[in-house]
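Data block below; observations after.
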Amino acid sequence: MNQNSLKGIIVPMITPLNDVDTLDIDGLEKLIEHILAGGVSGLFILGTTGEFSSLSYRLRYEIIERVCKIVNGRIPVLVGITDTAIVESINIADKAAASGANAVVAAPPYYFSTGQPELVEYFDKLVNKLPLPLFLYNMPTHTKIVFEPQTVKKIAENKNVIGLKDSSGNAVYFSLLQHAMKDNTRFSLFVGPEEITAELVLLGADGGVNGGANMFPKLYVDLYNAAKARNFTEIEKLQEKVLQISSGIYTVGKFGSSYMKGLKCALSVMGICNDFMAEPFHRFRKEEREKITQCLKMLDLPMPKF
Amino acid sequence: MNQNSLKGIIVPMITPLNDVDTLDIDGLEKLIEHILAGGVSGLFILGTTGEFSSLSYRLRYEIIERVCKIVNGRIPVLVGITDTAIVESINIADKAAASGANAVVAAPPYYFSTGQPELVEYFDKLVNKLPLPLFLYNMPTHTKIVFEPQTVKKIAENKNVIGLKDSSGNAVYFSLLQHAMKDNTRFSLFVGPEEITAELVLLGADGGVNGGANMFPKLYVDLYNAAKARNFTEIEKLQEKVLQISSGIYTVGKFGSSYMKGLKCALSVMGICNDFMAEPFHRFRKEEREKITQCLKMLDLPMPKF
Amino acid sequence: MNQNSLKGIIVPMITPLNDVDTLDIDGLEKLIEHILAGGVSGLFILGTTGEFSSLSYRLRYEIIERVCKIVNGRIPVLVGITDTAIVESINIADKAAASGANAVVAAPPYYFSTGQPELVEYFDKLVNKLPLPLFLYNMPTHTKIVFEPQTVKKIAENKNVIGLKDSSGNAVYFSLLQHAMKDNTRFSLFVGPEEITAELVLLGADGGVNGGANMFPKLYVDLYNAAKARNFTEIEKLQEKVLQISSGIYTVGKFGSSYMKGLKCALSVMGICNDFMAEPFHRFRKEEREKITQCLKMLDLPMPKF
Amino acid sequence: MNQNSLKGIIVPMITPLNDVDTLDIDGLEKLIEHILAGGVSGLFILGTTGEFSSLSYRLRYEIIERVCKIVNGRIPVLVGITDTAIVESINIADKAAASGANAVVAAPPYYFSTGQPELVEYFDKLVNKLPLPLFLYNMPTHTKIVFEPQTVKKIAENKNVIGLKDSSGNAVYFSLLQHAMKDNTRFSLFVGPEEITAELVLLGADGGVNGGANMFPKLYVDLYNAAKARNFTEIEKLQEKVLQISSGIYTVGKFGSSYMKGLKCALSVMGICNDFMAEPFHRFRKEEREKITQCLKMLDLPMPKF
């Protein structure tokens, strides 16, 4: 991957499942074609939205292989290798390289808490064993640790570390990180939360890794383009839809899982794929599904046709 | 105060002290004139940056009286009434009204944790006893509770609640709050952290309540104006300075107090006022003061002359 | 106070109120006589259970005066002086001394987070201005900071620091603190949570500061005595009641305030005092009150007669 | 395993490594014989202290096989199956059963946060697929979720759920859990932190799962027996050593990893096994190793001879 070419919307793809260890293969193909038709810049599989941590390793390998085959080089594929065991992270990265993926993505190991110097040592060791360039993934709610800007700076001295996706939602952190990395021209900064992609792209972020783009890829691509073009009329119009999705589809459930359950349910309502979820989660029941259906109607966005 | 007139940079003023219970009166006058010369839109006293919680009530009353007198109507004065005891919040608000202040600002009571419905009940009771319009103040690191968007919506049904200052740094929260409040035209949204004021003003925020404006009021006013004018060349240039301040002056100390100690120390180095801090904090010692002096030099911004 | 004489059950007294700024004076007298009849070793007013932070200073002063007068030297009175402003802590301590109280109790300042060295400096300054001996109060859920064992050791080099009440519930912390302080013979260690008073007294703690003793002082005194006497048959019998109270009366409400609301409601049902609560809380409504009444019945403990 | 027979000290065994994916087989044998010579009641492998999450699955399988073979039925072997993917948890449990282990141990999935009802559903599904009885494992610092007492009660309605190990250190929680489970006679409660095992056994806990027993198994067994016998002279003497270990060996490092690094380092100094640690951690360097050596000397406990 030409390291500076990756800009725009990367989709953190959900994993369509028919059962806890069985892919919904038809759904997977439909979903990928749906996403690619939206004009996105990359596909990120086995991330948080892809329920990576809930999937068996056998299944993770199958997903990597199938997705790379379906995408077939049309856009870059990024593979999540976040794991608590460095050996398994390297194994997944090797599989990704062998399957033709373009880059890997890793959050800190997430069972034990590490200090910042321990984090630097860990990534030093990891990066040197990876066959593909690495994006860091800041996800403190799930990993219990933040990549401090000075830590990122040290890790990124290795030129195989080419960027960071920040899912903290903390825009102050993002700004200070941009400032700390401003002299590293091969380092990209992507935003996780779709609610703030527009504003951070306006201030220089390279793009968004936005879950909602599973449902409405074009909406998020259009918003990114509007932000790049500084077209505020357009930004305002599209941002309204994005916030409607966040305030609606992602808040139907009661727990932290509300976002992921809503997203998968919406894709099922839209006829794209199965909404089965790997343990510890379960798909929405009838009542919630009806709310999601209602939310989708009120959005009044173009729906895919199959 | 004409409720919709307040836009732009409001300065959360530090409190110049000569001792734990003694104002630095000369410093206070100098500081206020320095700030007003920068073209700011309002002065917010007795906030977090003003060390409100560390000051005796006697001293808080003295500050309100003196500041209102010095400002003398030139710009709106907002007074922090955040307290754990509702009786004391009302007392301070009464003093503020009697002294000629324009509005009051309140975070949730911060010793006990409250549920969201308890928060709604609390503010219902408080607002009805206030002689001045109220800004809510979201400051979860210190109060241990977030004003959820639906809670803000309920509290703001009372028309004396005219806005919210968000110091969470969580831009996703800010966006969802904007979305939830979009139909309440008399409600303003201000950003606490100066690192993200520009981007949030670009997306519709009404202004910033930025601590750095104690030192360099014009810098933050210029940045606000650039954001309002969507002048990106100017934003980029000024944002660089703002992030240099945050990465430099605010990070010299080791603890959470680093921001406040750095700010007060810089004002002392600049010759504006004493850097004495109320307990539980203490001013920087010689070594840190030299670092602050160095940071100020490297900023290369116009210094006040006295 | 003879510093080593204080052992056993100290009651963190609730504050009977008729309105937000009005004491329930009859209730106060009844409550104190009820508590003293149970054979407790001390009374701790203006603590967390006493809603100190929600009360105006005027009211805090009134409470100190009235309680000291009613108790009239029958048992030691400890006064909470926890505050965010050191000046106000000292003022309250002076009032306590003037009213005849025996000691004061202080948690760290709780709005700003402090580092451990800042905490040592703060207490150095505070202790030197206090007219009475001081107990430290570890309450991390509310103050956002733990007194680390080495910090306690440093602060307690001043001989006016005579003990610590730990309300963290973290028994590992308590054990390590005991270990760190084992050579300081004038330093006492008291347990906040009543559920673990017996076990910690068995392992050498000096006593409990247990909220339930507002309702059933004799129960907690008996449990303390059983633990001192290593009478396990008795411990088992009494501990069962204590856990029934915790699992029942303290869990009727939905929020963190459940303990305090349940306690005050029970005292009202028992005919001892008003259950009015200072903002930000409110008394239980009818439905919850009925549950509390039911819990009290099932406890089958002797009720006070008036 | 006769479900009610397991009482006393269970050792959460460290994993002796020569490299990130290579067992120290000699060390493993030495360590197991050392531990068994101390008279412990059970061996718990692949727990937190065993660095389970940092090990490849291949290595986890190897460990299960080797340990079961070495122990050869002399004491019960418990195998940690905690994982984020239910499929992998079941795989490990199957391996454990095939190798002759006696029970399995599972904490909640630890990447995603779950609500309590989601936790009940998860364990319902898991338990029904396990070939061995299950102990729950409460470890909120690492899993970000507590097993609430009512949740445990529901999960333990399935008779294959035979106990819980609580590593929270929160003794209030432990007491309330004991109370909630008091009618379930086939359910055992074990304490993680060794600092509080004595006191909780005095109050009815079934035993401790104490890391220090890797180094000094007899010390912890003696302390357990003293607590069972309510021999306070003995408890006091042994508890002093236990707290010396905690305040010494476990606090040499700077981060959360200090406990595990200290434990492994001490075992190496004692000549039992290699102190190599799996990523993200690294063994102590020379300076810290000297401190550990010093701590061991000051303990003045009998050392193993090889």
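We just call them A, B, C and D in the order they show up, numbering each chain from 1.
The rule is simple: a residue touches a chain if its C-beta (ideal position, glycine included) is under 8 Å from a C-beta of that chain, and two chains touch if they have at least 3 such contacts.
Quick caveat, the model's predicted, so the values are computed rather than measured.
Enquirer: Please give the intersection of the contact partners of chain C with those of chain D.
Expert: Expected: no chain.
Enquirer: Just how far, in Å, is the C-alpha centre of chain D from the one of chain B?
Expert: Centre separation, chain B to chain D: 49 Å.
Enquirer: Let me have the rounded angstrom distance from the C-alpha centre of chain A over to the C-alpha centre of chain D, please.
Expert: So the centre of chain A lies 36 Å away from the centre of chain D.
Enquirer: Report the complete set of touching chain pairs.
Expert: Between chains, contact exists in these pairs: A-B, A-D, B-C, C-D.
Enquirer: For the complex, which residues does chain B have touching chain C?
Expert: Residues in contact with chain C: 20-21, 48, 53-59, 84-88, 91, 108-115, 118-119, 121-122, 125-126, 141-142, 144, 254-257, 278-282.
Enquirer: In their complex, what parts of chain C are in touch with chain D?
Expert: 149, 169-173, 175-176, 178-180, 193, 195-196, 198-200, 202-204, 230, 232, 235-236, 239-240, 243-244, 246-247
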